[in-house]
Amino acid sequence: MSRRNRKRRIHDSAFSRRSLPGSAPGTLIVDPNAPKPKIHVVAYSAEKILERDIEDVQDVRSILNQWPVTWINVAGLGDLSVITRLGEIFNLHRLALEDVINVHQRPKVEQYKDYCYVVVRAVRNKEGIASEQISIFLGKNFVLSFQENPSSSFDPVIIRVREGKGRTRIAGPDHLAYALIDAIIDGYFPVLEHYGELVESLEDAIVAQPDGKLIEHIHDMRHGLLIIRRAAWPLREAMTVLYREPIPLIDEEERIYLRDCYDHMVQIIDLLENYRDITSGLMEVYLSSISNRTNEIMKVLTIISAVFIPLTLVAGIYGMNFRHMPELEWGYPYYFYGLMVMIASALLLYFRIKGWLGSSERSKERQREANQRNI
Amino acid sequence: MSRRNRKRRIHDSAFSRRSLPGSAPGTLIVDPNAPKPKIHVVAYSAEKILERDIEDVQDVRSILNQWPVTWINVAGLGDLSVITRLGEIFNLHRLALEDVINVHQRPKVEQYKDYCYVVVRAVRNKEGIASEQISIFLGKNFVLSFQENPSSSFDPVIIRVREGKGRTRIAGPDHLAYALIDAIIDGYFPVLEHYGELVESLEDAIVAQPDGKLIEHIHDMRHGLLIIRRAAWPLREAMTVLYREPIPLIDEEERIYLRDCYDHMVQIIDLLENYRDITSGLMEVYLSSISNRTNEIMKVLTIISAVFIPLTLVAGIYGMNFRHMPELEWGYPYYFYGLMVMIASALLLYFRIKGWLGSSERSKERQREANQRNI
Amino acid sequence: MSRRNRKRRIHDSAFSRRSLPGSAPGTLIVDPNAPKPKIHVVAYSAEKILERDIEDVQDVRSILNQWPVTWINVAGLGDLSVITRLGEIFNLHRLALEDVINVHQRPKVEQYKDYCYVVVRAVRNKEGIASEQISIFLGKNFVLSFQENPSSSFDPVIIRVREGKGRTRIAGPDHLAYALIDAIIDGYFPVLEHYGELVESLEDAIVAQPDGKLIEHIHDMRHGLLIIRRAAWPLREAMTVLYREPIPLIDEEERIYLRDCYDHMVQIIDLLENYRDITSGLMEVYLSSISNRTNEIMKVLTIISAVFIPLTLVAGIYGMNFRHMPELEWGYPYYFYGLMVMIASALLLYFRIKGWLGSSERSKERQREANQRNI
Amino acid sequence: MSRRNRKRRIHDSAFSRRSLPGSAPGTLIVDPNAPKPKIHVVAYSAEKILERDIEDVQDVRSILNQWPVTWINVAGLGDLSVITRLGEIFNLHRLALEDVINVHQRPKVEQYKDYCYVVVRAVRNKEGIASEQISIFLGKNFVLSFQENPSSSFDPVIIRVREGKGRTRIAGPDHLAYALIDAIIDGYFPVLEHYGELVESLEDAIVAQPDGKLIEHIHDMRHGLLIIRRAAWPLREAMTVLYREPIPLIDEEERIYLRDCYDHMVQIIDLLENYRDITSGLMEVYLSSISNRTNEIMKVLTIISAVFIPLTLVAGIYGMNFRHMPELEWGYPYYFYGLMVMIASALLLYFRIKGWLGSSERSKERQREANQRNI
Amino acid sequence: MSRRNRKRRIHDSAFSRRSLPGSAPGTLIVDPNAPKPKIHVVAYSAEKILERDIEDVQDVRSILNQWPVTWINVAGLGDLSVITRLGEIFNLHRLALEDVINVHQRPKVEQYKDYCYVVVRAVRNKEGIASEQISIFLGKNFVLSFQENPSSSFDPVIIRVREGKGRTRIAGPDHLAYALIDAIIDGYFPVLEHYGELVESLEDAIVAQPDGKLIEHIHDMRHGLLIIRRAAWPLREAMTVLYREPIPLIDEEERIYLRDCYDHMVQIIDLLENYRDITSGLMEVYLSSISNRTNEIMKVLTIISAVFIPLTLVAGIYGMNFRHMPELEWGYPYYFYGLMVMIASALLLYFRIKGWLGSSERSKERQREANQRNI
């Protein structure tokens, strides 16, 4: 990944609180860069359905209470007045609204008197891993959801509501909330699959040829897994609360579905931790392969030095200008070349016995035997 | 293990959800590569036994309720209609059926109104370690089991039922479910034994001659242990639920047997973690032995350089062309060779005192003493 | 950070108990370097407000019990008599007073009969990270707070009380205590943001050019995170106690606000641990990049030695003084230079095949491909 | 330790289940290499005692029920008929008998209707560390114990029973069971003491001269500690069960004694973990000392190369055959030797300033100062 | 620290049980090297006080029951008869007496019918870190304390009793027991302060100049922290028991004081773990600084080799004895020196571009900038 991506991701993991330290609780300050909200309302009973994009928040009042289930989805948090007016219509606590706007919440379930506030985080792998906050308010006859950015993750739920198959239209708002959460959790799997492939390609790359960039890839991968992890662990906890604790707004029958969500979260975390373990292992394999290569390089250097430096000495000796060196008179110096070849051969033999030379063939053989045994 | 094996195994640990994110809960989509199901029915009372392979799922209806215990084993998940029709016959929840088909569940126990759904995972060491999902539905008078692939792991149970020895035919379907789970858990032991031998051979190989391939073996081994671990830990949890929590379908007397299963799982995990600890230790031993060897190579290089480079200088000096070098006139230069030998000896003596030379003998001696003390 | 800073910080993490071992419990000994206390009193009801700096502690008596809420803030702990006299006025336990003065307490909540004693720690990033003790006594109609040093962290609370917006003036002393704690917790975020930027700049620096000072930066960063951690973890525990356990002095309605504080602490710890994880990863990346560079240096050395040492031998051989070396007579020795070039080329080719030369280009290419795949 | 020992120990930690996977629960298959059982019976009341070696298991029937306490000790598990007939006499569950024979159980306490089954493991340091299974059945008036191999660990208990001092003869079979467990737990201490000495000698060896065999010793030590750990941790858990949970067969007064056993186990585990921590530390010290030595070797190589290679160049220059090199005519070349000495001195001075030379003296001095400060 | 000290300390962490394995419970065997006991009795009521050294244990009987509180302090455990006779007088359980003598107990609280037995451990930093067992028996009207060695740690308590200030003389034996425990816990702080200074000096030393002895210091430090840790963790647990669990002998009002003790233990452990974390970090910094230095050395070697070896080759070429080398005839060989300087300069330039030369200045500058940013 490019440097830009890494920075972006770090920025994601850090965050900036918009309200000043010490400001009154529930102070709502909107991120100026947040996209303007688009409001989509779906109201339905088992027989009928009303679907509409609305501009004026007050239109919600006229729809609400007319239908067994009203779902208001707000995509984008860039307009404070929309959020506060919705807060008034549904009588939401200011602290909850603050959490909706301040998009760095951990997934959680908070029960208020008339509604239940669920924060979940979706993961997305567009230009780097990032997680995104989705706030869901579940009331007696409504579901109010806030998305950080407009996205298509709720589309399959809308389609199911339109088609009205299965339990979707018969069940209450608790089933709708479940469907939204389930859609978000399902979005984790393709991201994890991508990481599965990354792990595989890193494993192959380390075996083929470890180079200095691999360590950055491993670090990037770990960083990405950390981001998913920060979203996934508290989401699992929130799911435990939803399916185990007695929440009056959630029907007994719905719990089997929520247990399924919980099951998926457990599977996701299982995979996550598995990838983390493998990645740590890769780091060690990488480090040891560097050490191994330094070792190999040292061997080459040592063998070359050990063979040629003594020979250079011999040549140096016969290059001395002593007056009386009878060896120099002994006709053609071919015996001398013989001497050199002998010294070199002796040294190479020594290294071969020591296992520094030709070890690659022998070790390959041993390898082959080991493979046969291990299959 | 070959590269192909490694890939296969990773593929095992990752997975692909077949249903699209956001699709309705309980959407059943079958893996096109899954083997076609073979259905084997065994119905028995203490006196009689009926055993049959059936083609048409509806045949089950005629057998069911006629016998105290009916066991339907489905090997292979490649035909959706078989599974859905069995779901109708036994009145199974769609989410449970989805889990049967989606073979990446963690072992778990789920109680429904009329039956209990148990997911276990078997491990197999054919062409690499892999784990396989077995789904078991335990009802008042039936056991319905789904195997990912046809395998022989249930054969000993069939034989025991046929022979009718011990409690097998007298006890209810809970004992049969126990027998199936026990057979699967017993299958972990040969795989672990294989790993025990692998650990041993790796330990020997590291002592004998550490080479670059060892690290891959250690990594493969850790990877394999992770796969077993992912199956074993939740299986232990599931066993705890089965033997401790009050499940109406399970007889009080059967709990002693299930506790035995739990005990085996504890033993398996104990061994697993033991192997993991040893493997981590091996990694460290391996890394330190590489460092040690680099050290040895450096010593050889340094000694050779330190001995020959000064000598080469001496030879170089007497090879200079100064007009007045009276030494060059001093008859035969044997005193000069003496000088060289002296320099070399002095340097070797220095290295010996420093402990870089001949250390192998001395250290072996010290080793021997240490051994005697440690026995 | 300079050496001075590191020392200062360590000193912060260590500490010196002023009372001698074995002295009577509740022995109050003041740090001679502590700043002299400044006492600020704010008393208010929904309608009226009284704000005053006081010199004589006895003035407190006249204000107390006249107002629904009286807040006495003592900034600086350098005068024992002030603290003991306040202790008498509010009837505080000697052990609690000892804890006020001995500013190395971990955050905690202690319930006494008439009041509740809360210790929190603020973090500050002026000339190095340090944490500071704030003691808060919450009574039926008063809040008594002690700051280690005068600071502006309570200013926003004072302003809110003056302005009287929202619940601040209507609610009791429990809301005031909450507001103080919230202000302190909010102070953690800018410090963590600073660390987020540090992590980012370290990541960039390691990729750009790892040098020996980086390790000190990483160590300093870890040290700083440890200091925050020692304050944050017990503070989270204390928040759990405040919002979950039944404390008579805290109103039911106030718990939602305290849960919000708890939530913030969880977020802070989440970030902290995230930074710690990333920092550990950076350490490994750093170590591996050093190994990599040693590797590179060794390659350069080996290639240069391997190319030039054999050539030097060849030159040495033709510098020998043998009488009969017919090669020396073969006219211009250009064939000899050719031989040298050939030897050198052969060796360079060998290293190129081995992947030691020009690997940078090839690996960059591979890198580029990998990047395209990973986006 | 020799290679043989290592293998033997690994073999201990692995194991082979004798029954085939899927065989009926409670299938009893005896290890053909297990020693033949020796049966020793001690029956006693406060006044009398009967002690006898018996051959025929049926003799037990005649003794049982005649005495307040009957202790049957079976040393060796090599005869299936002995074990099954004892199982019949005492009415033991087949699963319990299976656990007696399959000697790889973790320590545990299992309550059956009429008796309590306790598995403990003894450690032994003969030819390598190994642990051994002891099964104890505690009934209303009997204790039945099975030892894997005949050993002398119960001798002190026999002597105490014979002498009849203290509570031994007055108390019931629960006290006898306690005495047996206590004797086994006491056997851990000499083994740990041996490891304490090993740790000490390894620490000294690493300081004195780290060599390649040390790492194997550390690995062996860790391996041994793992074996003890696998026996000790579950034994502690079993002791907790024995002293805390209400077991009807165990007298209230006996619990103080069992708490003492539990205390010893806590102490044993405390020591174990301590040794493990120290051993990990030793590994790091070892690795860093290797790095340090490589560093030292590199320094020697670099200094020698840096000093002699330039000198060789100088000598080479004056060995050139240029016609016009006036320097060569300048009388005796002593100024030239001076030049060489100067170059060499300058380089050595440079290295000294850099701290590579003579550092040993300076660092020793610094060391000495540090020591004085640290005492 | 010297080798002697290390040995002594290890010996402290190991231990030798004096009673043989399997000996009867409560067998009392005294360490022959233990100092002879000195018995000091202090009896007091609110008005009067009696203080006396006694020789004969029976004298205790005459004092006991005459005073509201009688404190018997036994310093030194070298005389079995003293301990057994005290056991008879106070009717102590033999297992408790065994624990008094066997001075390797972990801190714990054990309730017996008439008294409460508390084991605490004091730490001492005289000639190395060591911990020492203090046994305290708290009865209805007495406190009986056993010190392993005579020490002055109880002196401040004696003085407070004599002076009779505060609660000391009014409160019962529970307050006295608290005062003793508090005095022992206070003794941990100076030891930890010493370690704080050690950490600081190690951090400075690693930055200044890492050498081989540092690793031993770090190891010694970790060893010492382990010894304190083994005493501190169970002591914290024991304090939890004392202040939380209902113990009839401890007054409700005394619990606030015991909670203060618990608080101190939490602080101590917090610091301990902090130092351990920092020390681990130091180890990594140390290892990386060694790698860095090896790197530096390699650079020097490579630069020198790379510059001089090619030059030597050039000189060697012109030293060859070919008949026809026209270059040799070209007048003064100054152009040749120019060639050499050019080659050398080119190589140095190459290394400078690569960042191996002069990097220190550039990196210092970058460092400076980084510092300014980080403050």
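Chains here go by letter, A, B, C, D and E, matching the order in which they are written, and residues are numbered from 1 within each.
Throughout what follows, a residue touches a chain if its C-beta (ideal position, glycine included) is under 8 Å from a C-beta of that chain, and two chains touch if they have at least 3 such contacts.
A quick note: this is a predicted structure, and the numbers were derived from the prediction, not measured.
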item: Intersection of the contact lists for chain C and chain E; value: none
item: Cα-superposition angle relating the copies chain D and chain A, to nearest 5°; value: 145
item: Whole-Å separation of chain centres (CA-atom averages), chain A against chain B; value: 25
item: Where chain B and chain E are represented by their mean Cα positions, the distance between them in whole Å; value: 41
item: Multi-chain contact sites of chain E, meaning residues that touch two or more partners; value: 287, 291, 294, 298, 301, 305, 309, 312, 316, 319-321, 325
item: Chain order, ring traversed from chain A with chain C following; value: A, C, E, D, B
item: Touching residues on chain A, where the partner in the complex is chain B; value: 153-157, 160, 165-166, 168, 179, 182-183, 186-187, 189-190, 192-193, 196-197, 199-200, 203-204, 207, 256-257, 259-260, 263, 266-267, 270-271, 274, 277-278, 281-282, 284-285, 287-289, 291-292, 294-295, 298-299, 301-302, 305-306, 309-310, 312-313, 316-317, 319-326, 355-356, 359, 363, 366-367, 370-371, 373-375
item: Sites on chain B touched by chain A in the complex; value: 1-3, 5-7, 10-11, 13-17, 20-26, 93, 95, 99, 104-106, 108, 110, 127, 198, 201, 205, 209, 211-213, 215-217, 219, 222-223, 226, 230, 283, 286-287, 290-291, 293-294, 297-298, 300-301, 304-305, 308-309, 311-312, 315-316, 318-321, 325, 328-329, 331-333, 336
